[in-house]
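A, B and C are the chain letters, set down in written order, and residue numbers restart from 1 in every chain.
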Amino acid sequence: MTNAIELLGISKSYGSVQALNNIHLTINDGEFFSLLGPSGSGKTTCLKIIAGFEGSQEGHVKLFNEDVTLVPPYKRDLNTVFQDYALFPHMSVRSNIGYSLRIKKVNLEEQNKRIDEILETVKLIGYDLRKPSELSGGQRQRVALARSLINKPKVLLLDEPLGALDLKLREQMQIELKNLQRKFNITFIYVTHDQQEALSMSDRIAVFNNGRVEQIDTPHNIYNKPKTSFVADFIGITTIFPKEDASQFNITKSFSIRPEFISIQSSSSSSSKDFKIKAKVTDIQYQGSFNKIIFESSFRNSLSVFQNTNNNENISYKIDQEYILEFDKKDITLLDD
Amino acid sequence: MINFIVNISDYFYRNKNFLFLLFLLPPLSWLGIIYLGSLLTFLSHSFFSLDGFTGKINYTFTLNTIFELFNSRANFDILIRTVGLALTVTFGSALIGFPIAYYMAKFTSPKVKIFFYIAIMLPLWSSYLVRVYSWKLILAKEGIINWFFGKLHLTWLLDKILSIPYIGGPSLSISYIGMFLVFTYIWLPFMILPIHASLERVPNSLINASLDLGASKRQTFYKVILPLALPGIAAGSIFTFSLTLGDYIIPYIIGTSKFFIGQAVYTHQGTAGNIPLAAAFSLVPIIVMIFYIKTAKKLGAFDAL
Amino acid sequence: MNMFKIILVIFFTFITVGLNAGPLTKLGKGEGNLNVVAWAGYLERGTTVAAFDWVTGFEKNTGCMVNIKTAGTSDEMVALMNEGGFDIVTASGDASLRLIAGETVQEINTDLIPSWNTIDPRLQDAAWHTVDGKHYGTPYMWGSNVLMYNTETFGDSAPDSWNVVFEEQNLPDGQSNKNRVQAFDGPIHIADAAMYLMYHQPELGIKDPYELTNDQYQASLNLLRQQRKLVGRYWHDAFMQIDDFTNEGFVASASWPFMVNLLVGAEQPIASVIPKEGATGWADTTMVHSEAANINCSYMWMEHQLSSNLQSDLGTWFGAVPSVPSKCGTGLMDPAAGIYPEGADACKINGIDNFDKIHFWRTPVSNCKTQDSCIPYYKWVTDYIAVLGGR
């Protein structure tokens, strides 16, 4: 497998703020790779360094094994889809899409052919003479995609491209993005703070926190085998037992447990589960297909448990009532901290 | 009585347009009657003529005064001279103002930006006359610029510049070059601020997008930044152009005593009592500005204000 | 009671009509106020320099409080008077006739001014305030324009002709006068050219530089076109000319004694002369607004301006000549006051003997005395603008 992108020990700080701290990343060719993290975690800075809009103070960027650390953005064979789309407001959709072709002085016939092709791909036929201001959010998103894809770049960088869209449109675009990636068979580097988005689309995910990479892994492993408490906490809903609390279960490291692995018993009935905790209901949140029930125990953390609402044997829990929560040792994830 | 007041206030609440009209009536009538009324009365005089013998205004409709404006070489010279200088000053201001505005908008920290704002606005806090007068001293034969050229042993260069026909003269302050410098200095803030406003509204992501799509910095400037700053330049140029077109102080202090439209209006209506010709003269900047603003509007100047 | 009111109304109507029909016949009590439009420096109350005060005495004696509005140009004066609300104005000759023609000022009754007969006889019936034998004002102060020159450039040989500003030539310092001489940028400067031609080309038949036939007028314009090539910049404002002589290397120009005094005071190598062709000059007149609210105070002021220290002190202040010759050796014009040298005749220094050489500023009108018909002022304006523009 070829390496599309390699980041070797990238560090960057703005004044006294350390934005990126010794980042090492290898992204394979043709991979859908997500940079996931809360805002301010350094994921966008990392993308900008890959694109070349910003330099780094330390480290090297390699693009297909070639060091591009000092190469300006317009000479890097990759393209970016910006968070605000960054469509040129003074140009029509057609001119926006054809911008890079005009810069490269591709002949007019070829330009038109390729623009028409890509318009069809992103389903924008008939909109080509409009100005960006005359388009909806989703349409602008497609123009931005078309504009970056027309050049057939080897790598496409996407900076929270769906952030401004509503939920319905976002889900639809997620599917389309994935299809586009398969169709063009190019590397996507996708920045997002939405873990659901990252989990559903990516081949691999790098989780950023405070300018560091916490974990690089497949979505399955990120969810099920988080290595640090940050990752465990950030991805999905989970309950973390810090080291001090874990010792009561005879476990030497801190660990996390997902709500779906916890069961609720009304009294101390006979059960084969390894661990039992006494806890009081503090809140019940209706979530559609399930209820999210929040418990308070003698431990530091509140615990979340899911209860399927379609279950026929639905027990209605009462706030302030005490129950026994149970889970198995095999379902817990040990964390590194 | 209280009931009555309550009723009135209720009426106003239900008929907001009426209330609005009531508030707007005094300023609107001021604008309409006093301002526009007197302006139109004055301008309408351009269709009357001055009786050469009695020096009184002849109140019958005639186009002779307008013809006089364009037929007399001297009058026509004044129009060409004024419009020509206004265009040159506008061009010069844009050329000098753009880099400053660009630097302010894209490369400064907030603190430095405040410094720039103050530096640009500061001259506007002092009297216009004082500034023009100081420039007269700066540009004078015994002034600092001459002195500076002398110190650098470049007096020959200054002499060469001043010997350029038409725009040169015996000294910087007695030449079109001097007028250009002073006008450009005086109106520069009015060019920088709108350009800066329009550049501030160009997100950096657009510049990045252009670089990302393979355009060099130079190409990005010409294809993205400049077109998007154009409304600002057009807006600024409305100020510099119209202000230069109407100014009559600077030509009295700097330059070769050749008349500009403002002076012609002032002298004809004041000293000569030739109100029809003065009105015809003042018609010119208004017409020129109408065309200018129409063009500027097409360039989107009013989106940048 | 009602009858009394009616009589009162008729009485006042009669007075008002009487005012419009002719000058005031009887002086009443002062109204307590006097609103004046004047040149800067013309009404001093000791606030600029303590010794120069000819207003507070008037206020003390008559109870008329003086409110001054200064004007910078004759046009501004005319405009202010047309606006109304003022009682008197110190108008120059190029404004006075316009004010009379526009009926903005009223005829005055010289009998109500006891000192009228002390006025210089040469001024009593001067054309710029007397129309058809009617007086429209009281002479205030007069002076002459001068040829100001740089003594370093001209050395011992003071210029004796205006030709240094009209004709291209080498000045005594060996350099050309091109771009080193100035002229006034007001159209009234055409009269200076006409005056020059009156001396040098008698065949043109110019009798009065303010009354020009078309041929005379065209000849004057041609002279000015020739002058345009010598003059880099015309002067417009007294202080700007001072600056030009200090910083721009100008060495000769038609000017006012005012600037000469200031430049000499600043130790610049400047002197002035009235050349052999004569000079133009200004003679100002106090005129009363036709709707003056404070008519009695206005008459009291006109008497004051003739009989008090005003004439001598203002003459000193401005380098001008009093309209009342008997005031020449008095007040600040008395060498004892320490301003003029011992034994000097202040009025002589300020040019009282030049009266006949001076052609006082007047507004040119078509209907003139010395010629059949003359070029009116509005033409002067248009054509002078053209001359300045190089046409």
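Just so it is clear, a contact is a pair of C-beta atoms (placed from the backbone, for glycine too) under 8 Å apart; a residue touches a chain by one contact, two chains touch by 3 or more.
Predicted, not measured: the structure shown is a model, and the values here were computed from it.
The busiest chain interface, judged by C-beta pairs in contact, is B-C. Chain-level centrality, scored on Cα centres against the all-protein Cα centre, points to B.
With centres computed as the average of Cα coordinates, no chain lies farther from subunit B than A. Distance between chain centres (mean CA atoms), subunit B to subunit C: 37 Å.
Subunit A and subunit B have Cα centroids lying 54 Å from one another. If you average the CA atoms of subunit A and of subunit C, the two centres end up 89 Å from each other. For subunit B, residues touching at least two other chains: there are none.
Subunit C contributes residues 73-76, 79, 98, 179, 185-187, 231-234, 236-237, 240, 243, 246-249, 365-366, 376-383, 385-386, 388-391 to its touches with subunit B in the complex. By the touch criterion stated above, subunit B contacts subunit A in their complex at residues 203, 205-206, 208-216, 219, 223-224, 227-228.
Against subunit C, in their complex, subunit B makes its touches with residues 50, 52-55, 72-75, 77-78, 81, 136-137, 140-143, 169-171, 173-174, 252-253, 255-259, 263-264, 267-268, 270-274, 277. Remark: subunit A residues 51-53, 72-74, 79-80, 82-84, 86-90, 99-100, 103-104, 147-148, 151 touch subunit B in the complex.
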